[in-house]
Amino acid sequence: MIQKKLKMGMVGGGSDAFIGAIHRNAAFMDNLIELVCGCFSVNPEISRSSGREYFLPDNRIYTTYQEMFEKEMLLPEEERMDFVTIVTPNKWHFEPAMMALERGFHVVIDKPMTFSLEEAKILQKKVEETGLVLALTHVYSGYPAVKEAKARIAEGKIGKLRRVYVEYTQGWLSKRIEMLGGNNAGWRTDPARTGKAGTMGDVGTHAWHLAEYITGLKVEEVCADLRTFVEGRPVDDDGAALLRFENGVAGVLMATQIATGEANNIRIRVYGEKGGMEWRQMDPNRLILRWEDRPTEELYMGSNEYMSDLALWNTRIPSGHPEGFIEAFANIYRNFALTVLAKKRGEAPDYKILDFPTVADGVRGMQFIETIIASGNDHCNKWCKWIE
Amino acid sequence: MIQKKLKMGMVGGGSDAFIGAIHRNAAFMDNLIELVCGCFSVNPEISRSSGREYFLPDNRIYTTYQEMFEKEMLLPEEERMDFVTIVTPNKWHFEPAMMALERGFHVVIDKPMTFSLEEAKILQKKVEETGLVLALTHVYSGYPAVKEAKARIAEGKIGKLRRVYVEYTQGWLSKRIEMLGGNNAGWRTDPARTGKAGTMGDVGTHAWHLAEYITGLKVEEVCADLRTFVEGRPVDDDGAALLRFENGVAGVLMATQIATGEANNIRIRVYGEKGGMEWRQMDPNRLILRWEDRPTEELYMGSNEYMSDLALWNTRIPSGHPEGFIEAFANIYRNFALTVLAKKRGEAPDYKILDFPTVADGVRGMQFIETIIASGNDHCNKWCKWIE
Amino acid sequence: MIQKKLKMGMVGGGSDAFIGAIHRNAAFMDNLIELVCGCFSVNPEISRSSGREYFLPDNRIYTTYQEMFEKEMLLPEEERMDFVTIVTPNKWHFEPAMMALERGFHVVIDKPMTFSLEEAKILQKKVEETGLVLALTHVYSGYPAVKEAKARIAEGKIGKLRRVYVEYTQGWLSKRIEMLGGNNAGWRTDPARTGKAGTMGDVGTHAWHLAEYITGLKVEEVCADLRTFVEGRPVDDDGAALLRFENGVAGVLMATQIATGEANNIRIRVYGEKGGMEWRQMDPNRLILRWEDRPTEELYMGSNEYMSDLALWNTRIPSGHPEGFIEAFANIYRNFALTVLAKKRGEAPDYKILDFPTVADGVRGMQFIETIIASGNDHCNKWCKWIE
Amino acid sequence: MIQKKLKMGMVGGGSDAFIGAIHRNAAFMDNLIELVCGCFSVNPEISRSSGREYFLPDNRIYTTYQEMFEKEMLLPEEERMDFVTIVTPNKWHFEPAMMALERGFHVVIDKPMTFSLEEAKILQKKVEETGLVLALTHVYSGYPAVKEAKARIAEGKIGKLRRVYVEYTQGWLSKRIEMLGGNNAGWRTDPARTGKAGTMGDVGTHAWHLAEYITGLKVEEVCADLRTFVEGRPVDDDGAALLRFENGVAGVLMATQIATGEANNIRIRVYGEKGGMEWRQMDPNRLILRWEDRPTEELYMGSNEYMSDLALWNTRIPSGHPEGFIEAFANIYRNFALTVLAKKRGEAPDYKILDFPTVADGVRGMQFIETIIASGNDHCNKWCKWIE
């Protein structure tokens, strides 16, 4: 039986940050997690005021994450944090994650998991050594309709797979807004903080992950054409790739942040011998099923009896009551939390609870970045085997 | 400065109940409220197990709400609950609400506010006497797109209003499932627990409230045709009404729970001399604007610069990241919580925070039920003036 | 076997008129009908230039319809027109239609059929006496998806019917544009030319007809609230009505021409005990089917094997190739033409061919206008029995 | 001034054929063209019965196209056909087209224009020599919304172009239905009749043409991955390609006929520095405009004042009245007919009339096939320069 909420610390996520707030909304929604400490900013003033805004006592608001890990370790188990959520730019994922794992804390981390593939592999090894849990917030795999699609494809409902189209189109980097400051574009377009990929790291990885998650198939080869449309930007801001999955499945991946007017359009279509499926994140509660010989179907998420166990487990409300981005995020947190709590009780969580992205997804995500950059950069586009 | 989270108690909302869970998701999401006590069921076993599941100590899990109010009053202010959320069938709204107010607790209550109009008026008087805050969870008024519509209409963007179509169509009561037990249909179709209206109380009130909220206009006359399509059911399960609003605005209200196949389709359209607006709850992040002389516009919610302050205040994520039902619910809780916290500090909250349904909406909701039943029942349909 | 195309004459439909051109597009599309003569305008110059533009020889371009009927009668059967299409304002429907029937010509006429109910009844009698064919262009009943809906409802696919919502919302009369001249608004808002109803005659009749056509049920009682929102306009420009159909089915009808920004939104929803249906004219190739216990279905028109014979007969292209307004119109012309050609050969057309609106629909349409005006006008709204 | 309708002959298009019927619907709709003769099938019986069904006298129904061209030439100009429409499988486009041009007849022909690129070039030379008109029915460029998109892009409304996504996804060849006979799949999947490309010739060419038509830019390089998913099929039935257009514009083209459940989904998106556009053929009257700094707009086609001259010229009905596939087809016929009629009068048609696909598009279409096959076949995918 669950006795205590899981205790969360944060690295990053000050009151001036967007994604940190989402992590908190998601973590708190299901009443399984409470915030107990954090180092919310490199700016101690912001860290302090943020922590107070989140109702933390001053002694649990830290100035550096090093300090946080050291001091939390010294607290009695009843009090100290169970896990840390890391919501900093990519450059500062690896070090705090390693430090946390070494001190026995579980980790939630935003994608891409690390700055480089090398870091990712070291982190994976550390997770394996420690037996701790690392959750990676590939949020789109948390939507009920995505889970439903995965479950139906796994059951063979649309037959042997053939074709995948996945896209993630945004327009907010259509101009060089990173020069203005005061927005999220700065570090995302700076190779020193974001890594070798721009758009392909920021949103391309989500598209790739969604495709592998839904189909259950791995990409084996990539042929990409990457672009930088906005002059002076040192990383890709647009690209497309032909994909070859296992089992002869063909794919196309489109990712861009310069498609002026697009908001956050991640969308996937998968076709098999018997039918096809479509999901669009901006209308996330609908899953479209297309068939050879009968009308197109639209499943509106909610607790309908014809839905899979996997989707129902990740659904909070009856059909017709839309769930959104924060609920999808919360599904990752809830499954992570229940996994950690089960481990504490020495129990093995069932497959529905374990269905959240882990360090293995993080490593493959970094391999995706390596592969697509190798294939697509510098106008020497060619088919590349997946880089391990 | 905010120093403490607001402390919530619950009446109802055991782990076997649907809407109680939503109230908790919504209350916790924004990290302003914590659950400290509750009487979660008339069944003491369920109350106990539910409270434990919500991580409450046994001494804060109560068997009756009377006991809860008595005991909580005796706790030091630092510990005792600040407000109670009442999520029981309509018949049991009034008594706990009155008791709470009399003991100095603020109240959140689900709609319709009470079992009868008389109760509603007494409750309103009590709220006025005590100066406490009562929030009514007309959730649909919490959606950012609904706020945006309200703000734009108030600014005259679509000109002097003329026409309103509002509907709330569901199909889940298409058969007499209340006879099966184990679902929410039982009390909703039982006049002894739900009151004199069935569908018109359960969903008609939401449609009416949405129309008055968005337009800022009051209904003055109603001409209704109410139906009971499912044999043996003692309350209306379907109905439609012609409406006359202030200022000569004409309306139609459609509410049904026997529209087989409809999930939770609450939708509104408003037309003025210069343009029209449409919002549909099952695709809640879009607001459609239609114009006389230029293309139709679609606003996708999110923190876009062209959105109103009212909508932005109630928005958590950038455009393209859908928010849903729980976030709309959470907006009511957040605004309620900030209002109570401001009161505690002796401050006056601004209009954006005060924008949540209150006891006055609750009284008008009960008047709506009286009026539509008077107009529509017994096949003696006629135009009725609003019953005060 | 078909040997000759059917020969069409026109009253109205000069090159300055909108709906006349549509009639011609529709009549010619299927290669069953050719234009042989016409009196295209009260202005002889326009009639002449229009006829020439339509490739007619000067001796078949007439100055008055009286002249046309007289002279055509004298031509050999091989040459003279078989039928006349009347596309004048309502005031000038009856006289040419009577004259045509009396001289043995079949008739196609736009809706509403006549200026008054009295005229309609006389016309009906004349049709019955002569045994000639009169087709009324209630175009929306010509769409394949509407046919499909009708066929499925007749087969009981959605069970015993309960609820109908039908609407026809436009915004083009949002201002008093009839004062500008040079548009179609002039006669439509002039009681001397349009009859006693404005919007209810112009678009309300279409909505009513669509509802009776799809459900196969007759309206028995009406309770309407009619409005004139644009100052100075002598007819209704907006209205809504509660409807009672046969068999206890309840309905709502909404018709307006002042819903600013709406183009030509005619839309219907019908619910039965087992399912519901929805069709929207502005996306006319889709029919939505909703079900109690399985996902919503979308039928995209086209020659799919799961479509009804009635719809397939009225479909020209495989699924995915949209048909539109002109094709719906053409379905009426084609069925009319095949009926007349069958009569000429002494054959009885099958039910699919006979499925077009006739004089009987025209009479009921005028009764609809009488009834809704009696119920809705002068703010003395009340339930009215259907006026026969 | 127009004095006579244009007289059409047909090669192919018997009553058992799908696309021939569409050509006739489209040709006749606007009352500019009449059918005077044809050789409708290689089967003389079908040719005969078809011609009679189309109301032709027996002496104008021919057994071979050679006979048709010879005999028609001998008729007086007043009587003989002006142009021939060729709607046979690709293998039999070239010969009748050449024969027609050599005898002075204008030509309408379905795409792809010929069986091989060589034939296309010879045909182009012949058109240039004779000064006759050849129209190629790339129907999707005939839709008003596509014209509107082209006009706005040409005016720079969305700024300098960057990105194009174009797709044409169908599912009807998901199984090897060509083995069943009695359908259109037979010749389309037979290299001896269809040419070297299957899906890329049948629908890929449409997608490519739509992209060049809307953007006004030419493709310069292609990198394709072509597939044959259905075992035993001797041509491609699926493929995707990265495209490089002039001016550094990047593109993706997706074409498939094995996307089970897709009907006829041709869809394009184009993004520039200031905005983006989207058009979907299955909802063809809407054009979506997306913007950097203001809400998404939806233009619903029809005679709205804010539409371009190019679109208005190709529009028959006011906004809200959907036009479809046949109207798009008819726009090509109408513009072709007006061009020929203008030539007859010695006049130069204006740019709006001349805006239909010609022999030059046909040559580029065959080059597209050459290029994509060269790039995509045999798993030796690579970037290919456009093959001239």
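As written, the chains take the letters A, B, C and D, and residue 1 is the first residue of each chain.
One rule holds for everything that comes next: a contact is a pair of C-beta atoms (placed from the backbone, for glycine too) under 8 Å apart; a residue touches a chain by one contact, two chains touch by 3 or more.
Quick caveat, the model's predicted, so the values are computed rather than measured.
> Tell me, which chains sit next to both chain A and chain B?
C, D
> Weigh B-D against A-D on C-beta contact pairs and write down the one with more.
When the contacts at B-D and A-D are counted, A-D has more.
> Starting from the mean Cα coordinates of chain A and chain D, work out the distance between those two points in Å.
Result: the chain centres lie 44 Å from each other.
> Can you compute the centre-to-centre distance for chain B and chain D, using the mean CA position of each chain? Integer Å is fine.
It comes to 55 Å between the two C-alpha centres.
> Out of chain C, which residues touch more than one other chain, so two or more?
262, 289, 296, 300
> Quick one: which bits of chain C touch chain A in the complex? Just the residue numbers, please.
Residue positions touching the partner: 289, 293-300, 305-306.
> Mind pulling up the chain C residues that touch chain B in the complex?
Those residues of chain C that touch chain B are 158-159, 162-163, 165, 167, 171, 174-175, 223, 225, 227, 229, 238, 240-242, 244, 250, 252, 254, 256, 258-262, 269, 271-276, 289-292, 296, 381-383.
> Over in the complex, which chain B residues touch chain A? Could you list them?
Residues 1-5, 18, 21-22, 24-25, 28-31, 35, 52-55, 170, 172, 262-265, 281-285, 300, 302, 316-327.
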